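Following are the structures in question.
What follows is chain A paired twice: with chain B in the first complex and chain C in the second.
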Partner chain A sequence: MASSASRFDDGTFVGFARRHVFVTMFGVAVPLLVFACFIGYPIVYTIYLSFFEWNGMAPQKKFVGLANYAYLLHDKYFYIALVNNAKWLIVSLVFPVSLGFLIAYVMKARLVFAPSLLRTIVFFPVTMSLIAVGLMFLLILNPVFGAFDTLLRSVGLGFLVHEWFGDYRIALYTLAVISGWAFTGMPMIFYFAGLGDVPKETFDAARIEGAGHWRMIRSVALPQLRPVTAIIVMLTLFESLRAFDLIAVLTKGAPFGMTNVLGYLVYMESFWNSRFGYGAALSVVILVIAGSLAAVLLGKVLKGAFDV
Partner chain B sequence: MAEVSLKNVEKRYAMVPVLSGLNLDIADGEFTVLVGPSGCGKTTTLNMIAGLESITGGTLRIGARDVTTLPPKDRDIAMVFQSYALFPHMTVRDNIAFGMKIRKTPKAEIETQIRQVAQRLRIDDLLDRLPKALSGGQRQRVALGRALVRRPGVFLMDEPLSNLDAKMRIEARSFLTKMHQEVGTTTVYVTHDQAEAMTMGSKIVVMNGGKIQQAAAPLEVYNRPANQFVAGFIGSPAMNFLRLVYDGNALLDQACRLRIEVPECRRAALAGQQGKTVTLGVRPEHFRILQPGAIPGSDSIAFNVDVVQHLGHEILLDLSAGDHRCIARLPPSDRSKLGDGRLFSIDMDHVHYFNGDSGENLIDYARQQ
Partner chain C sequence: MSDATLNASAMRRGSFASVLPKLAATLLMLVLAAVWLGPLLLIVMTSIKSNAEFLAGPFALPRSPTIQPYIDVWFGLGFGTLLRNSLIYATAGSALAVMLALVPAFALSRMNVPGRKWIFGLLLTGLMLPQQTVLIPLYDTLRTFHLLDTKIGLIIVHGVYGMPLQALILRGFMTTIPPEIEKAAYVEGATDFQVFWKVILPLSVPGILVGYTLNFIAIWKEFVFGLVFLNSEENFPVTVGMLKLNSDRYLAVFNLPAAGLVISQLPIVILFILTYRQISGGNLSGAVKG
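Our next item is the complex of A and B:
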């Protein structure tokens, strides 16, 4: 043992691994096993299932080849959900991300009173369950006694009052904005930390040259925050593809599937329509979309983002 | 072109005073250096002149205007930061043009200005590079260029050379001095390096503990320090201080039988100090070594040689006598060795006497003249 320790004790990982074979095998094997059980197996099984027709209970699954995928190509509800996901993503990228940035900026620039209180308040919803958020907004936006409509009417903006969940033209945006409300704290905290790393002197230099806040944000802050923005875009992308909880609580995809998104469609097809094979095919499509968007993002947006 | 004047300027952070009662007049075209140890308030002072920090008391005038509450852009100043503060995602050209674009300078005018400044600073072939592709010295010149194109009334510089290596620093020092001679713009320059202050400033402002200790020409500060702090801060190696008791004729330390006769002409100034502690200040170059075998006289002190430092053009000796420690600067011909006991005399025409408690210089040079 002593001789082998000295022979391989070269400070590298290989040296370490040879000296501590058991520790290395165990240390690598356990996480691999956990990953295989809880992430690898479900993915593989989902792909497997997508080639079958199965109601979730029958002892026999019927192999149907690519039929589920063929059906998907002509499924109107799939396209509605896909477009809704895209809309949801755009709303999420515009509203919570820019709002989160603005809040972080005004706190850093000391334009607000009690910044740490503001930070806590804005971040709080991130820690809340989306189910609770949904139930809360169900009350706030209730057409009969909801606080929001009452507020609009009392300040003379009664003409803005809508059926927030009932009107198929705006229901999806209502949902996306509620989700954004709960998500704003996330980009805020990222940007707040990011702004702390931007050298203060670059802001001072811009101020001396007469830059206003708009110029400061556009020409000094945002360009130096590119790595943060890249990470936030990724986070938002995954968050919007996972949109599920709010829809389950608030609209269940109604009216006429107009507020459905892919995540909820999978759930509906699998558990309500008992089409597990089709649900699996939808899941695989989501996986492919998420994977390719992430690849594009990593390749394009992140390119050079970490250069200093 | 503008003069700068601070009247009773003070700065508090949440009621904690950091700077108090700053009074300073900087003449038009003067190169003024703020110098002092780290944390003494130099940057804060400069940032208040720039308008990056609010002034919590007193008034600041630049040119003929009271600018105490004006935003930085309206103060007719430009600043060079210690970290250069270049915009990392902009090319050198865009960095220099940044302010002019904001001020809506015409395109052609911007181009001419950039070319002129780039030529003067020898950065013409770097204009399309990003700051990360520049060396420290080049970045420093770009930062200078960005300040120059503003054509401000006052240049503010916060330790602009401290991120350069020793050789570059000496070069940049004379470069900046030459630049100032050509452009002639009033400059307030911050440094913690007393050698930089001595060589560059036409006026030195020595600060400590949030207060101005002395503001005068470099040689004035060197030869007539207002107090013990200034005396110890300016000059390298630092002035030696011997805490002794004044008996009316001489400064004494009974414990190690030290006795230094005070010249007649200085006794008037020390009249009030009889029986009290007086700090005698002696610069390293004002020790003279006596030949071995010299007779100990009334003005000679016996020191042990603790350390010998050969610097080539001179020798520094670390000396001790009882509790007293001194550094003496001697010509390279000296042959003292470690552990020697040697006799030294002090050039009493050039020593300073400081109040043992307050550190004030006991000689009132203003009244003497």
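Our next item is the complex of A and C:
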């Protein structure tokens, strides 16, 4: 990727900076400064704050050492939220990601009529705010007036009717599936673009070997799409760690914190319970989880996907 | 393209084997279309029903469509202000993100910046950072600069957090511009700035438009920042203002919240129709490929 400008470069940053003042200023210095203020400093400050007790108002923060972390280890709600995050991630990987792949494949293979129409329909919710999506399903899944339960009853599946947001055993899955509904379009377009990049000869060769669709998916498409899958898994992972909006608009963690996830627990502890130090400690845990998962993915699966 | 090849693989194995996957796929797709389109259609249908018609059940067709729910919810929630605010945040925030990202994208795609792996790492960090983890310090920072509960404060936050994705999208786009073009400019004695301004920038307009549109939609959808950094209703974006719809006052009859949902999504529907081809064309995956 050497450009013509690089003929001046002697490899050191100072050398580069002296030759390319404009680029160094606005391409490196300004973004770094903005990053330092709005992303770097907040991360450092969060870590710092996690060693203090602070109600957000008092001028003095009280140093408590690792007390916030010690508390965290015994906090029932932390574990519930952690497990919920894992459940949420699994639902997200199973439902929107594999379905997104399936849709992309059948469209690419021209197995359906009007593939572009289907693509549009499935992609549209990606552009909707999760607040709107949440409110929409609040209406649809309403136990009295909701369309879904009405439909279940009318086809004789009335025994499946539930308090979708009230039953502590299923409320979290309801939320995760709704989020999956809104997210499916994303893996779909990634896989669709990825399938377009697979060389035609690869599929031709498999066809000559007499491969059916099942084998085609398993032995050709999926291995070829490994980098795409890695990116999608990464996206899904961070989406699930960010899960917030649906919970805020639909359940607020209720019933009994059973639908709480880490991303919402941080907000509740900080801004509702005014325990900013504990909120910061929870944030650090999220950062550690996100960071280590990203490191593992970037190091192993994604090798080459972000080559520069 | 592999389209025909994929399908042909089944074709050569007798007619039954070729029809079966197609039939199964079509059935599956019909179900999927219903699952994805159904809720949206039901909401639009509910939004034009009168209170009496609503009680007839969710699947009853509206006999005498009315726009009364739209009028009621518009004034009840103050949608004029909410839409205007969201429009301001999305327009200005995405513009800021693109402006911040243009020169870094230029540097990363056309030049051998020493340490660019680190710059890339920072961009990815900014992209993946769960926003909830930095709410407290950001809240503090905004308070220090007296930007809490102001439109300009939220615009800055949106701009900064939109910038990493913009940089990746623009870099991906700029990488596709052939180097010969700027080589000629350099031979003529052009400076970096002139090459950026007169050569690369004009050629990047399509990429900029895609990035801007995606960012616009992202800010329109955004909720956490608006919820935490704003207190006054006159500053609320649509997503925060809409929370009120989940209250007994609005949920007595569903036509009002349904109408509110449609209103909140309408600007994006228009944008979606205008730019669908560009934003769904896998441009995001292009951003992360080399």
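Here, the second predicted complex is superposed on the first by the 277 of 308 C-alpha atoms of A that agree within 3 Å, B and C clash if a C-alpha of one lies under 4 Å from a C-alpha of the other, contacts with A are read in each partner's own complex, and residues count from 1 in each chain.
Please note the rule applied: a contact is a pair of C-beta atoms (placed from the backbone, for glycine too) under 8 Å apart; a residue touches a chain by one contact, two chains touch by 3 or more.
In this text, all values refer to a predicted model and were calculated from it rather than measured experimentally.
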{"item": "Partner chain(s) touched by A:N55 [first = chain B, second = chain C, both, neither]", "value": "neither"}
{"item": "Which superposed partner A:I121 touches (first chain B, second chain C, both, neither)", "value": "second"}
{"item": "Partner chain in contact with A:S219 - chain B first, chain C second, else both or neither", "value": "first"}
{"item": "Which of chain B and chain C A:R207 touches, first, second, both or neither", "value": "both"}
{"item": "First (chain B), second (chain C), both or neither touched by A:N273", "value": "neither"}
{"item": "Chain A: partner with more touched residues, chain B or chain C", "value": "C"}
{"item": "Touched partner set for A:S292, first chain B, second chain C, both or neither", "value": "neither"}
{"item": "First (chain B), second (chain C), both or neither touched by A:K108", "value": "second"}
{"item": "Which of chain B and chain C A:T150 touches, first, second, both or neither", "value": "second"}
{"item": "Touching both chain B and chain C, residues of chain A", "value": "199, 202, 204, 206-207, 210-211, 307-308"}
{"item": "Chain C to chain A touching residues, read off their complex", "value": "1-10, 12-13, 17, 21-22, 25-26, 28-29, 32-33, 35-40, 42-43, 46, 54, 57-59, 100-101, 103-104, 106-117, 119-120, 122, 124-126, 128-138, 140-141, 156-157, 160-161, 163, 167, 175, 179, 182-183, 186-187, 191-193, 195-196, 217, 220-224, 227-228, 238-239, 242-243, 245-246, 251, 254, 257-258, 260-261, 264-265, 268, 271-272, 276, 280-282, 284-286, 288-290"}
{"item": "List of chain A residues in touch with chain C within their complex", "value": "1-6, 9, 11-13, 16, 20, 22-23, 26-28, 30-32, 34-35, 37-39, 41-43, 45-46, 49, 99, 102-103, 105-106, 108-113, 117-125, 127-132, 135-140, 142, 145-147, 150-151, 181, 184-185, 189-190, 192-196, 198-200, 202-204, 206-207, 210-213, 216, 228, 231, 234, 238, 241-242, 244-245, 248-250, 262-264, 266-267, 270-271, 276, 279-280, 283-284, 286-287, 290, 294, 298, 305-308"}
{"item": "Chain A - residues contacting chain B, complex", "value": "199, 201-202, 204-211, 215, 219-220, 223-224, 307-308"}
{"item": "Of chain B, residues touching chain A in the complex", "value": "47, 50-52, 71-73, 77-79, 81-90, 98-99, 102-103, 132, 146, 150"}
